[in-house]
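Two complexes are shown next, each including chain A; its partner changes from chain B in the first to chain C in the second.
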Partner chain A sequence: MRILFKTNYKQDLNLAKHGGHRFWYGLLILVLFAAPLILDGYYIGEATRILIYAMAGLGLMVLTGFTGQVSLGHAAFLAIGAYTNAWFLAQGFSSFVALPMAALLSMIGGLLVAIPAARMSGIYLAIATLAFAIIVEDVAGHLNTITGGNRGMMVDVPILFGYQIWESWELYLFVLSVLVAATLAVLNILRSPLGRAMIAVRDSEVSSQALGVNPMKIKVFAFTVSAAITGLAGAFLAHYMSFLTPQIFGILLSIQLLLMIVLGGLGTVHGVFFGAVLIGVLETGISIAKDIMPSSIGGLPGIEPFVFGAILISVIVFEPTGIYGRWIKIRSYMEFFPIYRRKSFKRQRAYLKTERLR
Partner chain B sequence: MNEFLQLLIVGISQGCIYGLMALGFVMIYKATEMINFAQGDMMMLGSFVAWTLIMDLGMPFWLGVPATLIVMASFGALIDILIVRRVIGQPQFAVIILTLGLGIIFRAAAGMIWGQVPLTIDSPISGFSSFYGIVIGNERLVIIAVTAVLIAILWAYFRYSKWGIAMKAASQNQLAAYYSGIPVRVIISAVWAVAAAISALAGILLAPITLIEPMNGLLGIKAFAAAVIGGFGSMPGAILGGLIVGIIEPFAAAYVPTVKGSLIYIVMLIVLALRPQGLFAQIHKKKL
Partner chain C sequence: MSFLEIENLSISFGGVKAVDDVSFAVEEGSVYAIIGPNGAGKSTIFNLLSRFYEPLSGLLNFGGNDLLKLGAKDIARLGIARTFQNLELFEHASVLQNLLVGRHVHNSQSWWRQVLFTSSVIEAELEHRRKVEEVIDFLELAHYRNQMISGLPYGVRKKIELARALCIEPKLLLLDEPSSGLNPEETEEMGFWIEDIRRDLNITVVLIEHNMSLVAEVSDRVLAIVNGRVVAEGDHAFVQSNSEVVSAYLGDVQ
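Up next is the complex of A and B:
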């Protein structure tokens, strides 16, 4: 068990709390950047997919995990980012223009949703974002001149300083560097007054208002940041897929993103990465398991979504805090070895007392 | 004018289906403040169960329908007892994700059990009626009639029956209802049973006019839009919202086909922007 000496109030604001953090996260980043030296093309491709999921999840986590606004329509921002990036590249711009434009346009989309959505809460918000995603998918199918409609659209490779990124490990490094930057940006937002205000709005809107936070502004801010990061992820998703159709960005993708951050652990940045790795590994794992199983079980159509749904339900029922929550429990079990009590993580239940009067 | 009336009646009958499904949403929401995203998939399962009982096992239609309702009602109660009850008292997103997961499982299971090939049920009601120059399928008239009767029954049930009033009480304050001797757990399971039976009825009514396939479960999203337009938590609102959604659809398909897929959601967003609590607002104060 590590005991931290606090000699300065500013110490609470540090990103890395102690030398251990600095060492392990530094090592992790080094290993990730060195991965293309060890792994071959297929695994690098899979890793790229996981990183893109993580980026999209990071965007959703800002909104759902830290501000408490459940969005069922984040695939829409992925779509906006993907199509913007592809369109700008097709016009001959470099990635230095296309990527920021992808983030900017999806930010504008986020702003459009946020202004009515900031007045809603809970289910109304979830369904409004769901409707937004359906509308975006529909629009993408009809804007033939820009998106190629339902026939689809080829995506050019990213271009940096006139250099075309063809190799999968190059794309991997590109995604990884942007993801590290985005994660640092989110961590910095979280330790700023804005981030604290977001968490306050999540925990109690009325209390945060009493403390001088404007929940509307905070929600709109969270929406725009979230949309921008998810839009960037969408831009990279376009490169990963290299062919875009509106069907990719259906409701199932939104659900998958939500599933990811819940499995990982809602309200933590770690959770995003755990969730992304789990989802990425599950997808590959299920398809491998299908080959091993007898064909009477493995060959059934729809076995993948079935397993997916079953895992989702068991996590919600048995471990609502996700993988990261379980890790925290294991860690504190080991840290406080003989005196750990299960009750210290017991969740308070709230019984229904409705706000409705009828 | 005739075309207008024709579209209107088609829209109303379709709207009744959405209204019934929205009613299922609203009942569960009122009783437990949970949103059952699997409602559409329960409707889909209902029509598959009806197909199995009537077409596969050869039950007569009029026996198969109540049998389906009983099967689906027990299924709904079972879902509550085995799974949903465990997340009562947890944050709302947990419930949203849980029911989304249930929906995914139902859809996948239906695909595994009944296959992806669309099925049909031979309905005893067929043919067309024509009046004032419009021709309308009899099944659509039956849908409207059955919905009207069901609404009357439900209204009377919640107004006069002991169980209906207990359900209303449990939906307003679970703890207080429990203290007054209402078996809240049983009530909530009963609500799930009734909601599942209503959506199964919607599924049976829908079966003659569309094919039965696993993807029918996604109709639940439209019913959800209907419930939101009406103001979640209001039963007349659910029916009204269902009718609005149902009527918009055929008119959009006939006059503005480019937006036919998303017009109902645009309308829903407009309603939400103007009245964030829906047409029949239920929340009048905010608690800490």
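Up next is the complex of A and C:
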């Protein structure tokens, strides 16, 4: 068990709170960057997919996990990012233009949704974002000149300084660097006034207003940041897929993203990564299992959604705080080893809240 | 002109006149108590002051500012802080984070600086932290600083909500039933704090309260409301002896 001796308020602002954090997170980043030395192309490809999921999940977590705004349409931002990136690359621009444009256009999309959506909450917001996703998918299907319509669109490889990224490990490192930067940005937001305001809006809009927070502004901010990060993820997804059709960005992808952050642990950055790894590994595992199993079972349609659904239900029933919540429990079990009590994490009763004012 | 002036304030929900032609004024540096039976419209007055509700008619004036021209989110910036009757803390955040949200009105860092967490943001954060620590010291909350709200007992939460309001560095503090749910000891403590807040921090306090001994202890003036109407205003002895107040609380004498 570690007891921190704090001598300075600045210590609480640090991302890595103590030597243990610095060591383990440093090691993790090192291992991730060194992974191409060890793993072969197939697994690097799988890892790239997980990183892209994590980036998209990070975007959704900003909105849903930290600001409390449910989005059932985040695939739309992936689509905007993917097509924008592909289009700009096709016009001969480098990734230095295409990637920021993907983020920017997605951001504008986010802003367009946010302005009406900031006035909605709960189920209405979910339906509105779902509608947005369907519209985007439809538009992508009909804008033949830009997106290639339903016939699809080839995606050029990323170009940096005139260098074309062909190898899967190069793409992996590219995605990883951007993901690290995006994660740092999100962590920075979370430890500054904006992040606290987001959490305030999530937990009690009424009292956040009484404290001078403008919930509308915070929600719009969360939407734009979320859309920008998800748009970037979309841009990389385009490279990963190397061929885009509107069907990729259907409702199932949105739900999968939401599933990911709920499984990982809502309201935590760790949860994004746990969720992404779980979903990524499961997808691979299911497709491998399908090949092994007799075709009467393996050939059944809808095995993936079935497994995901079953897992989602069991997580909500048995561990609503997600994988990260479970990890916290295991960690404190080990820290307090002989004296850990199972009731340590039992939720205290929630006290009645002020009757909602609106 | 008084510090806080409320004139002919009315609001109705459906056919019910929740607040009916209420007027009162609060002097700077005083403690002003609002009493009345349940459903009398006391909290509604607070919610009108916080601009959560739009009044049917009336004037709200605070230090020369017309509150009716402002939105709910602008009230804190004027220096009006409040607590809620049934607690509105940010459950899934630490005590420290809750209190730091109270510093929101004092934040002037642009969003991109916050994303990059530049040195100016760090400086501002340290300053916010120092102010928050002053409040933590004042209300003796140091023990709970890093705990999550969702695991804390009611009495502590009540204190944290008061602390969060103080982090705004308000000029006017609206306390909605500060002693509800507290045991006699905690209630006495609350009374001392209200006195300290007025005397040491120089904050004007308006409180809604059912506990008459607390009201008698801390308040300079008392307003009694029954069914949305003012029935008496004056010092607590005067208000408590008023026959309408007595009948509202105890029933009519046969």
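Convention: the second predicted complex is superposed on the first by the 335 of 358 C-alpha atoms of A that agree within 3 Å, B and C clash if a C-alpha of one lies under 4 Å from a C-alpha of the other, contacts with A are read in each partner's own complex, and residues count from 1 in each chain.
Here, a residue touches a chain if its C-beta (ideal position, glycine included) is under 8 Å from a C-beta of that chain, and two chains touch if they have at least 3 such contacts.
Being a predicted model, the structure only gives us computed values, none of them experimental.
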Touched partner set for A:P305, first chain B, second chain C, both or neither = first
So, does A:V206 touch the first partner chain B, the second partner chain C, both, or neither?
-> both
Give one of first, second, both or neither to describe whether A:Y83 is in contact with chain B, with chain C, with both, or with none.
-> neither
Would you check which partner chain A:G267 touches, where first means chain B only, second means chain C only, and both and neither mean what they say?
-> second
Considering only the touch criterion stated at the top, classify A:N214 as touching first (chain B), second (chain C), both, or neither.
-> second
Residues of chain A at both interfaces, chain B in one complex, chain C in the other = 204, 206-207, 347, 350-355, 357-358
Name, in rising order, each residue of chain A that touches chain B in their complex.
-> 64, 70, 72, 116, 119-120, 122-124, 126-128, 130-132, 134-135, 138-139, 142, 204, 206-207, 251, 255, 258-259, 262, 266, 300-306, 308-310, 312-313, 316-317, 320, 347, 349-358
Complex contact set, residues of chain B against chain A | 29-30, 32-33, 35, 83, 86-90, 92-94, 96-98, 100-105, 107-109, 111-112, 116, 171-176, 214, 218, 221, 224-225, 228, 232-234, 258-259, 261-262, 265-266, 268-269, 272-273, 276-278, 282-288
Chain A residues touching chain C in their complex are 9-10, 12-13, 185, 188-189, 191-197, 199-200, 202-204, 206-215, 221, 267, 347-348, 350-355, 357-358
Seen from chain C, its contact residues with chain A in the complex are 47, 50, 52-53, 72-77, 81-82, 84-93, 96-97, 100-105, 107, 109, 111, 114-117, 121-122, 125-126, 128-130, 133, 150-154, 157, 164, 168
